[in-house]
Each structure stands twice: as C-alpha cells, then as structure tokens.
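Below, each structure is written out as structure tokens.
Same chain, two partners: chain A is paired with chain B first, then with chain C.
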Partner chain A sequence: MAKAKIPINRYQVFQSTKYLFIHIFLMSVAATCIFPLFWMVRSALMTKETIFIDKSLFPSALQWGNFVKAWIGGNFGTYFLNSLFYTFSVVVGIVIISSLAAYAFSRLRFPGKDFFFYMFVAAMMIPLPGSFVPLVVLMNKIGLVNTRLGYILCMINVGLSMSILLLKTFFDKMPSDLEDAARIDGCGKIRIWWNVALPLARPAIAVVVIFNSLNVWNEFILANLLLTDDSLMTLQTGLFKFQGPNLADYPVLMAGLTIAAIPIIIIYLFMQKHIIKGLSSGAVVG
Partner chain B sequence: MSTNAAKTFNFSKLRYTLESFAFIFPAVSIFSIFYIFPFFYIFKLSLYEWNGLSPFMSFIGLENFIELMRDKIWWTSMWHACYITLIALTFQNMLAFGLALACDREIRLKKFYRVVFFLPPVLSEVVVGFIWRWVLNAGEQNGEPYGLLNFALMKSGLNHLITDWLSNPDTALTCIAIVHSWKGFGWGFIMLLAGLQTIDKQLYEAAKVDGANSWETFKNVTVPMMIPVILVVMILTVLGSMQVFVLILSMVGQGLEYEAEVPVTRILAAMTSSKQYGYACAMGVTFGAILIFISFSFKKISERMKQV
Partner chain C sequence: MKKIISFCLVLTSFMVSFGFVSCSRPKKDPNTITLWHWMTDRDKTFKELAAQYKELTGIDVQIELFAPSDSYTQKVVASAQAKILPDIYGVLDTKETFANFIKYGYIADLTQEFKKNDGEWEKELFTKALDANRFEPGNGYDVPPGIYGVPLDVTNIQMLYNKKLLKKAGYDAPPETYDEFLEMAKALKRIGVPGLVSGWGELWLADCFASNYAFNIMGEEKVMATYRGEVPYTDKDWVRVFQIFKDLVDGDVLVKGVVTKPNKEAEQDFALERAAFAFNGSWSVNVYKEINPDLEYGVILPPAISNKYPMRIWGGAGSNFVISNTSPNKEKAIAFVRWLTSQKQQAYLAEQTRNLPSNKKALSSISKVLEEFAQSMDNTTHPTIWPVNESPVVTEKYTKGLQSIIIGKKSPEEVAKEIQEVKEKEMEKEQRRK
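On to the complex of A and B.
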C-alpha cells in the first residue's frame, strides 16, 4: 500500500527508457552479427531447388546430406585436415621459436640484442603490401612451393614478430626469482626456459596460441599462391575452388562455409576471455 | 697465471654469448629468409621486366614506376581503397565508439554483447565474403529474388531499390565497404571499451560536481581522455582497410571489371594473370610507401595532440 502512494519518479522513468533504448541499439547490432551466420547454416540445409524459393527461417526438410557432399564430394575432408595440420604445426613452431627468442631478449645479455629485437619490432611497423610476390619467387627458387613445410615456415614468419613482442613484454614484467633459484641449483639456460619460464608465461602463451590459430586457420593469400596442389589446399582456398564447377550448388557451398566457420567459432567461444584480454591490453596491436 | 685466468674467463663468456645466440637463431634465420630477403628483393624486382618464369630478367630502371604513374586503373583502384577506408573510418568507427559508450556502464548482457560483437572479426574474410555474396545475390526466378536482401526489399514494397548489388558499379564498392565495416567494427569496439574503462571514475564525478551535463562530460572528459586510443584504432583501421582484398575476391570474384579493384587486387592480377612480376613489385613498393607516409603522418598528428 505504501509503495503505491509514492509518485512515479521521473528520474527512474528516464533511466529505464534510456536503458531500453540502449538495449534496443545493442540488440539490433548483435542481431546483424548473428543473423548472417544463422542464414549460412540454414541455407546449408536446403536442397539445390528449395534454397532459391523457400525463404522461411526454419525449413521443414533439413538436408544434412549437403555436409556429406561437401566433406566427401567437395574434398572438404582433406582441406579440413590440412587446415588443422597447418594451424597446429605453425602454432607449435611459433610458440617454441618466439618464446626462445623473447626469453633471450628479456633475460640474456649478448651483443646486438637491441638491434635484433628492434628488427622484429620494425617489421610490425612497416606495412609491405605485395610482399607475397618476392616471397613466391623465393619459394619457387628454393623448391618449397607446393610443400607443407614451405607454407608452415612462411606462416611461422608471419606470426613471429607479434608473438616475440608479446612474450618479451610478459617476461619483462615477470619476476625472475624462480629462474635465479633454478640457476643456483645448476640448471642450464635451456632447462630454465623450458621448465621455469615457459610454465610461468602460460597466460601470455595462451594469447599467442589463440591469435595465431585464428590467423593461420583464416589465412588465404599465401595458401592460395603456395599450395596449388589439391591434396595440400586449405579450407579457405578450397572454398574458392569449390565455387567453379559447383557454382549452382549453393547449399553445398554454404555447408563448406559452415565447416570452415564452426571450429573457429567454437574455439573463440571457449577462449574469448584470452582474446578480449589480449586485445584490451593492446599487446596484440603493439 | 693471470693470462690463463683471462682465457678461461673469455671462454666462458664466449660460451654464454653463443648459447644466447642459439636462443634467437631459429627466429632470426626464419625472419631473414622469409621477411628480410623478400623485403629487399621486392625493390630489386621492381626495376626489372620479368614474367616470373624465364631465366632472363631485363633491367629497365624506373620504367615500371613511370608506367605506374600513368596507369589509370591503378589510381582508380587507389581511390577505391580510399573510399572503403573513409567508410570504415566514419561508419565503422562511429558504430564501434557508440557501442563501446553504450556498454561502458553497469548493464545487463554486457558479456553477451562483447562476445557477439567480436564474432565477425574471428571469421575469415573468405567466409564473410561468401555469406554476404549469398545474401546480396541478384538472381531471381518468376519475380522471386534469390538473395535475402532483394527478397526483403520486395516484401517491404521497396521494389525500386532492388538491384544487382555486387555487379552494379554504383553499389558494389559501397557494399564491400559496409561488409568490411561489419567484419571490422568488433576490433574497434573491444579496444575503445577497454580504453573507456580505464578512465578514472573520479573525473566523471568531478565533472558532475561542477554541474556539467552528460554532453559536456562527454566532450570535455571522455573524448580528451580517449584520444590516444581513438588514434590507435584509426590508424589500424586505415592500414587494414587500405589493404583489404580477400573480401573483394570472395564477394565479387576474380572477374572484376575494374569497378571494385583495389591496389592489392591489382598487384595480384599483375602477378598471376598478366605475369608482370616487375610491375607487380613496383606497385607493392609504391603502395607500401604511401601506407608508410599515412601512418607516419598519423604519428605526427598524435604527437601534436598529446602536446596540446
């Protein structure tokens, strides 16, 4: 009873309408982010004929066979495994190589240290569009075109600067007490790096892993130029090849897109804390 | 004795140095082969006429660059990249800033929004391009458009707006720029939100005590505090948007008739289609120089602004 007598607070009304409008704004943008993805999955479940006619949100007959068609007929099984293999190898390579270098730049003393470090930093600052032209020429010369190794090495190089900078920044902030203790106990540098420094740097390594995984999985141009052999192609280049002969088969293309997008979305949803932390700290962008 | 001691000392020092170099050796060697060598090689190739296969490369000096200055398609492609960048700078960044301001408070579903807005950026440009190509599809059967956008326009009685979005020279580039902004605003959003959250809340309270309304607070507290972050977001937007091209390949395809060409697709075409490796490298060098000039000017501006 007492509550009913209180006059409606104008300020409260203003506040709640304000929040309502904020939510409408945010929700509408969120909808534009999700809906195209939903439309992709929905279109992947149609037949070649119904996809052009039926515009209902939830079609009645779901054609899961399109995924089988893409996986086997469209060779997406091979592309998927290739993408997985490249992503895994590149990320493992980057973590080991960049953490070794970052550890040296942070903890060890040697001549030319600053020179080498700033060389990597400078590479991040200088945009080099079209660098794929000399790179492909070089790969042709040393016979690494159309080899898994060639592509993996190129992609390790792509992620190297950013990862070294990120890990070095982390090592610089990390107290070195444990490493000193290990050194007094007679550990060599490599053992300290592997047994002490790396486990402590886990949060930074998580950021390196997630960003490089996204980068390699989604990479297109080098895969397109270096891996022309069908058995070596990745999902991203496979989607293009798939456009040619099966141009009319939109549902299978949509199934292929779904196959390429789902793993990255799942990884993102599990790792989004690290992504947002990495971005917010500004470490990723330098 | 003393010389002996010095020798052992030097030896252990040498060993230490060599061990340290072993740590950076893998990184430096990969970097030298796959970054530094191509970096210098692109300058060399830009001075030659070469089809990429023949063992003979003919040195032609700066002719590639002179030809490039006269290449109308090249400068058109440059204008296209600038157009996409302008839309990204205004539309995409304003959207990102608006969303960040909306989320910079105690609000329900904040985590949900943050996760969803970063969904387009984690997808590949190929996937994004093909999805939107399908949504913007212009085909039709018995007056029923295939594409979702044209279908929605028909259903809402806006038939006069229906067009072949990606083949129409008037709309193709704008569609690409908007899809590019759709894919990219999540980056700006996360970075701007992180920036907003670092602003000391006491500043807002002080402004309130001084009787500032919310617009004045925004203008005099939020914006000045955010300028460093805004500049970083802007420079990343410019560098990213100028170099966009995979999205274009997947949205419009390689059968471009110059209406959606950007510098990087020109470089790619010169290399793969017309086999002019030297010319492609000259384009790369020129474009790289332009990008460096842009980011350098941005840095100068941001230094100026910090001083004020």
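On to the complex of A and C.
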C-alpha cells in the first residue's frame, strides 16, 4: 500500500525555523554572558601554576582551598559584612529619600520646584571623579572621613539623582483618583505617600533597589578614597589586595571575584520579575 | 510591602546609629605613625618589619595598603588637599606633581638627615636611586635644592635570556654584540623558538628600548641636543635607532603580537619558555618565580651596536617614600624610614619580595639573578633625571612611529621625518609661548 502523503504546512515550517533561529541567537547571547562567569569559577579552582598552562574547560584537580584563602587570607569576612552593611544602608536611604523627594516633585506645589528638580537631574551629569577632592575635603571638615556614616552619606548622594528621576516619572503617570480617595478618608500627605504611592510604586522601587545595590556593591574608588581603616573597607577594595602592579594571585583573585559576585546574582534572581515589570511599568501604572 | 519598609526603617536607624558611633575617631597616639603604600606584594613583609620595629622601639607603625597605584595616587592627592596625609607615603605621579607637593609644603626636606654623620645614610644608598628624589640647584621646578624622598628599592630594565633555549640552539653564552644577537635569533628560529618578547603594547617600554640604543649609538649629549631641538630626528643616528626595529621585524626576531602585548602577557611568554629573550625590568624576577620557579635565565645589557658610547639602560629608584612635612611625628617617621633602608631590613625585604635593595650593603645577600641586575646599576639613567625632556606630543609620535615600523606600515626614514615635523611644530609653539 502506498504511503499517504502528509501535506506540508508551510506556515508551521516557517514558524519552527524562525523559532529555531531566535533560540540559537538567544542561546549564543546567553553563552557570551555566562562564559566569563564560568571562566572565573573555573580559574578559581586552579593552582597558580596550572592557570597559565592548563587551557581545559574543567580543571583536573579542584582547588577549593583558594576560596578559603580568599576568605581568610584576604580578610573577606570583614569586607563582606561591611559591603552588606553599606549596600543595605545606602539602598534603604536612597529608597526613602528619593521616593519622598520624587513624590514631592510630582504632586506638591512649592516655589523653585522645577529648579530643584533640574538641579538633581543635572547632578547626574557630574562625573564622580570630578567630585573626589571636594568630597574628601567636605567629609574631613565635618569629621566624617574614614567613617561608615561618611561613606554611606556619599553613596546615598551618588544614587539619589537617578532614583528621583525614575520615581518621579512613575508618580507622574500614576492616576490621582486613589490619592483623592485617601484624602477623603482623612489621610495627610505623608500617609498618602506611605499607604498609596509607595505600594503602587513597587516595580519602580525594585528597579531603584537593584540598580543601587549593584552600584554600591561594586563601588571601589570612593571607598578607597574615603576609608582608611582596614576594618571599614569593602569587598571590592579587598579584591585588589590579590592584584599587584606586576604580580597577581589569579586563582585567589578569581575566588574572591566569585564570592563577590554571588550576593548580587542572588539579588538579581530574586528581583528579576520586578525589574522587568518596573522597566516597562510606565504603560501599566495604577 | 509596608511591613518590609517598616522593618528596613527600624534596621536603618539602628545601623545609622552604629555608623555615628564609628565616626568618632580616636585621638592620634604620639607613638603611632602611619604609612600608606600601594605595593600589594610587599604588604605582608612591611607588616612583619613594622612588628619588629615595635618590639625594638615601642613605636607602632600602622601599615595601610591602597591598591591599585592609580587609585592610591588619587587618594594621596585628595588627602593632601584635605590636609589628612599620613606620616609616610609615596608620590607616584610625575616629577612635576612631586615638585608641587614639595612647594605646597606636603613633603619634608630630608637633606640634613642624609648629611648627618658625614653623609652616612646617603652613602649607604644607590646614588642613582637618590637622584630621583633629589632637586639640584636651578632645577626647572623652582624647588629649593635638596633630597625629598627615600628610595626603598631600585630597579633597572635589561635583556633577559633563557639559558636552556640558548643551549638548545647551540649557544653556551649570551650574545655580546647586536649582530651576535641577530645571529642567535636566527638559530633559535630554526628550532622553532621566537627570539625576543617584550610588553611593547605599553608604549613606554618600546620607548625605553629605543632610548637604550640611542644612548649607545649617539651618546647622551646628542640625545639631549635632539630634545633641545638642535639635532633633527632625521639625523642618520636616529634613523639607525629606528632601523633596529626594522631589523627585528625583518629577522623575524619578535614574538607575534608584540606591538599590542601588555607586559604582564610578555612576562608569561618568557616564563613559560615561549621566547628566548625578554626585555624587562628587575621586578620580573618575582613574577617569573611565581609563574615558573624552574626557569633558568640570566641577565645582560641589551647587546651593543656601537663601541663608541656605553649602553645606558633605564633604571633608578623603584619605590620611594616621603615624609609628611606637617606630621607631628616627623622625627619618628624619619627614624622608621632610616631603619627600613638599613642593611638588615633591606636584605630581608630583598629576600622576601625579590626586589633590588636600595642599600648597597644589602647586595651581598641577594640572589644571583638579582645580583646580575644590580651589576649594571651604574649604567642606569632615567628621563626623570635628564636635564631636558622631550615634549609629550613628540614622544607620542615617536612611540607610535616605532609601532608603525614593527607592523610594517612605515619605514624608519618615514617615521624619522614625521617625528621631526611634529618636533618643529612643537618648537614653533614653544617659541610663540615665549
């Protein structure tokens, strides 16, 4: 019996081919993003001798001791806790101050409102290195150089402009009906901010949190400039201890980088849904 | 959401109060001095020496590391303006910045300290290393003449050769002349080993190599005359200097990609025996030891082309410390640096960090390779101690010209002509400024 011919659905073939190419493209993009991370972890598991010779993807003998060396020898325990403390304090500070400021810029009427807002936005244009010397002089004058508080205040200042701009854009698009309802229920300005605006701004706040967490966690220059005591230093400053002008302990450096990357990867994985929502929230706000 | 924010607020207020507590800085103990440095590879040894010093004198030396060096420089500059410099630190920037630090009163004049006891301290240290910290009368920076810094170690840049690979090519001894060097490179090529590697992706290192041969071919006076604009770059001696790079390319002496290679990568090539010769500094002894402890190599001056003038190599002070002029513990800081540069401590530093000591007496206890580097300290020179320096614009054209020759884009004559054109423009500008 002759086989019945199965009709070819051209549309299905076209769709399958299209998806195949899209997936190949996305997989190659993903591979280029993941490969450096993989190479970092792989290098962290090698010895000082094999790292220059062994080009294989998976080292034959895994040197877990590099992580111990980085953690203990590099004083990473202290640096890690310091970085966590700075990141948490700065991000909380930024969220509170920027949401209050952004809400005020969006909803309140006061003299010089636009001027102050544009001043904040203009501050984004000032490159950080340009403010190094004035910052150190100022911090020294108010007795905050080489202190945790001094560094936290500077970092809050660094992150404010961007966060205010982002949240103000969000609040501008938020319908005022809910606020009116809250006002009828007897809420004051602060309570409206707390009970209405903040919960609605969750996706935008998520973006502010992740951007600033990344910024503070990876910040190096200001920490090196303002802090002097080893006990106050951050993880990023600690990483440079494995890297000399002529010589670097690459496996331990890579182990240190791996340790430093873990918290930020975790934060990203936890918040990625909010970030995507936050970035596209302009259209669906309220 | 509200619960999370409330929790964060409570936690933040706790943390901020913790931050406030930490902002009250303790008053400075008169028996404590602070040293800021950038040398990650020496931090442990410095701390060990500081502990020894505390046991000896009761003075607590706080060693604080800020790396990398760029970031260290920013910290020092910002701290100088905020007037919070430590007792001992280093100025890693240009000689002009060093001079400015002196003029604004941030650095103590150590001349009298060096002259004490018939110049005992000065005599112990390499003159070439001290020269980098010395300002002569009539210096162009308007700095009162004197010595303002203390060299901790010295360095120089020479040619290194792999003994095993040379033997494999049939040679028992390194080349003595430039022609012998080219011959050896050919023999090495026959057995599949590239000749010379250097980090010429870092332009200053190619400039240094060319400068060595410029001194050898035409002598110091003519080189300085060129910088003053009295001798053109199109002079046959300069063309001969540029021709060296063409010779190296034509003889296939250079490792592939040398023109973009950073020195760290070039060091790996030599350490892993992927090249028989390297042009590198004395700091590399430590690097090679870390990458390949079994590497057998020796050190020679770059093989000379001419017998008319001596081969001069770049070198002098490696790392220098200065004393803060405003430090209340100035005397104690000077005493510590004096102790750090004495024979015993210098020998210990050299042994631990494999750098050339700045104290001549400590040379007796260093490794053979380091000794070979040290033997040529008298041949060293450096742009920072030259009476006149080339303009940065001309130097840029010059080093880029060297790269163009290596990649075969331009001939030595073309490069010489182009550099001279830029030089003339710069001189015209200078004239107009005057």
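Definition applied: the second predicted complex is superposed on the first by the 215 of 286 C-alpha atoms of A that agree within 3 Å, B and C clash if a C-alpha of one lies under 4 Å from a C-alpha of the other, contacts with A are read in each partner's own complex, and residues count from 1 in each chain.
Simple rule for what comes next: contacts are C-beta pairs under 8 Å (C-beta built on N, C-alpha and C of every residue); 3 or more make two chains touch, one makes a residue touch a chain.
Just so you know, these numbers come straight off a predicted model, no measurement behind them.
Trainee: With the two structures laid over each other on chain A, which partner does A:I22 touch: chain B (first), chain C (second), both, or neither?
Mentor: A:I22 contacts chain B only, not chain C.
Trainee: When the two structures are overlaid on chain A, which partner does A:V133 contact: first (chain B), second (chain C), both, or neither?
Mentor: In the superposition, A:V133 touches chain B and chain C alike.
Trainee: Between chain B and chain C, pick out the one touching the greater number of residues of chain A.
Mentor: B
Trainee: Pick one for A:F220: touches chain B only (first), chain C only (second), both, or neither.
Mentor: Touch partners of A:F220: chain B and chain C.
Trainee: Could you tell me if A:L232 is touching chain B, chain C, both of them or neither one (first, second, both, neither)?
Mentor: Only chain C is touched by A:L232; chain B is not.
Trainee: Report for A:T147: first if it touches chain B alone, second if chain C alone, otherwise both or neither.
Mentor: Second partner only.
Trainee: After the superposition on A, what does A:R202 contact: first (chain B), second (chain C), both or neither?
Mentor: second
Trainee: Name the contact category of A:I53: first (chain B only), second (chain C only), both, or neither.
Mentor: So A:I53 meets both chain B and chain C here.
Trainee: Could you tell me if A:F88 is touching chain B, chain C, both of them or neither one (first, second, both, neither)?
Mentor: After superposing on A, A:F88 lies in contact with chain C but is clear of chain B.
Trainee: For chain A, which residues belong to both interfaces, chain B and chain C?
Mentor: Looking at chain A, the two contact sets intersect at 52-53, 96, 129, 132-133, 135-137, 220-221, 225, 240, 243.
Trainee: So in the complex, the part of chain A that touches chain C is made up of which residues?
Mentor: 48-49, 52-53, 85, 88-89, 92-93, 95-96, 129, 132-133, 135-137, 139-140, 143-150, 152, 194-195, 198-199, 202, 220-221, 224-225, 228, 230, 232, 237, 240-248
Trainee: Under the definition above, what is the set of chain C residues touching chain A in their complex?
Mentor: 1-2, 5, 8-9, 11-12, 15-16, 18-20, 22-23, 25, 38-41, 43, 64-69, 71, 74-75, 77-79, 81-84, 264, 267-268, 271-272, 283-284, 286-287, 290-292
Trainee: Looking at the complex, which residues from chain A come into contact with chain B?
Mentor: It is residues 19, 22-23, 25-26, 29-30, 32-34, 36-37, 39-40, 43, 51-53, 55, 96-98, 100-101, 103-105, 108-111, 116, 119-120, 123, 125-138, 153-154, 156-157, 160-161, 164, 189, 193, 214, 217-221, 225, 236, 239-240, 243, 250, 253-254, 257, 260-261, 264-265, 268-269, 272, 275-276, 279-282, 285 of chain A that touch chain B.
Trainee: Touching chain A in the complex: which residues of chain B?
Mentor: Checking each residue of chain B against chain A gives 16-17, 19-21, 23-24, 26-28, 30-31, 33-39, 41-42, 45, 52, 95, 98-99, 102-103, 107-109, 112-120, 122-127, 130-132, 134-135, 139, 141, 144, 146, 148, 151, 182, 186-187, 190-191, 193-194, 232, 236, 239, 243, 245-246, 249-250, 253, 263-264, 267-268, 271-272, 277, 280-281, 283-285, 287-288, 291-292, 295.
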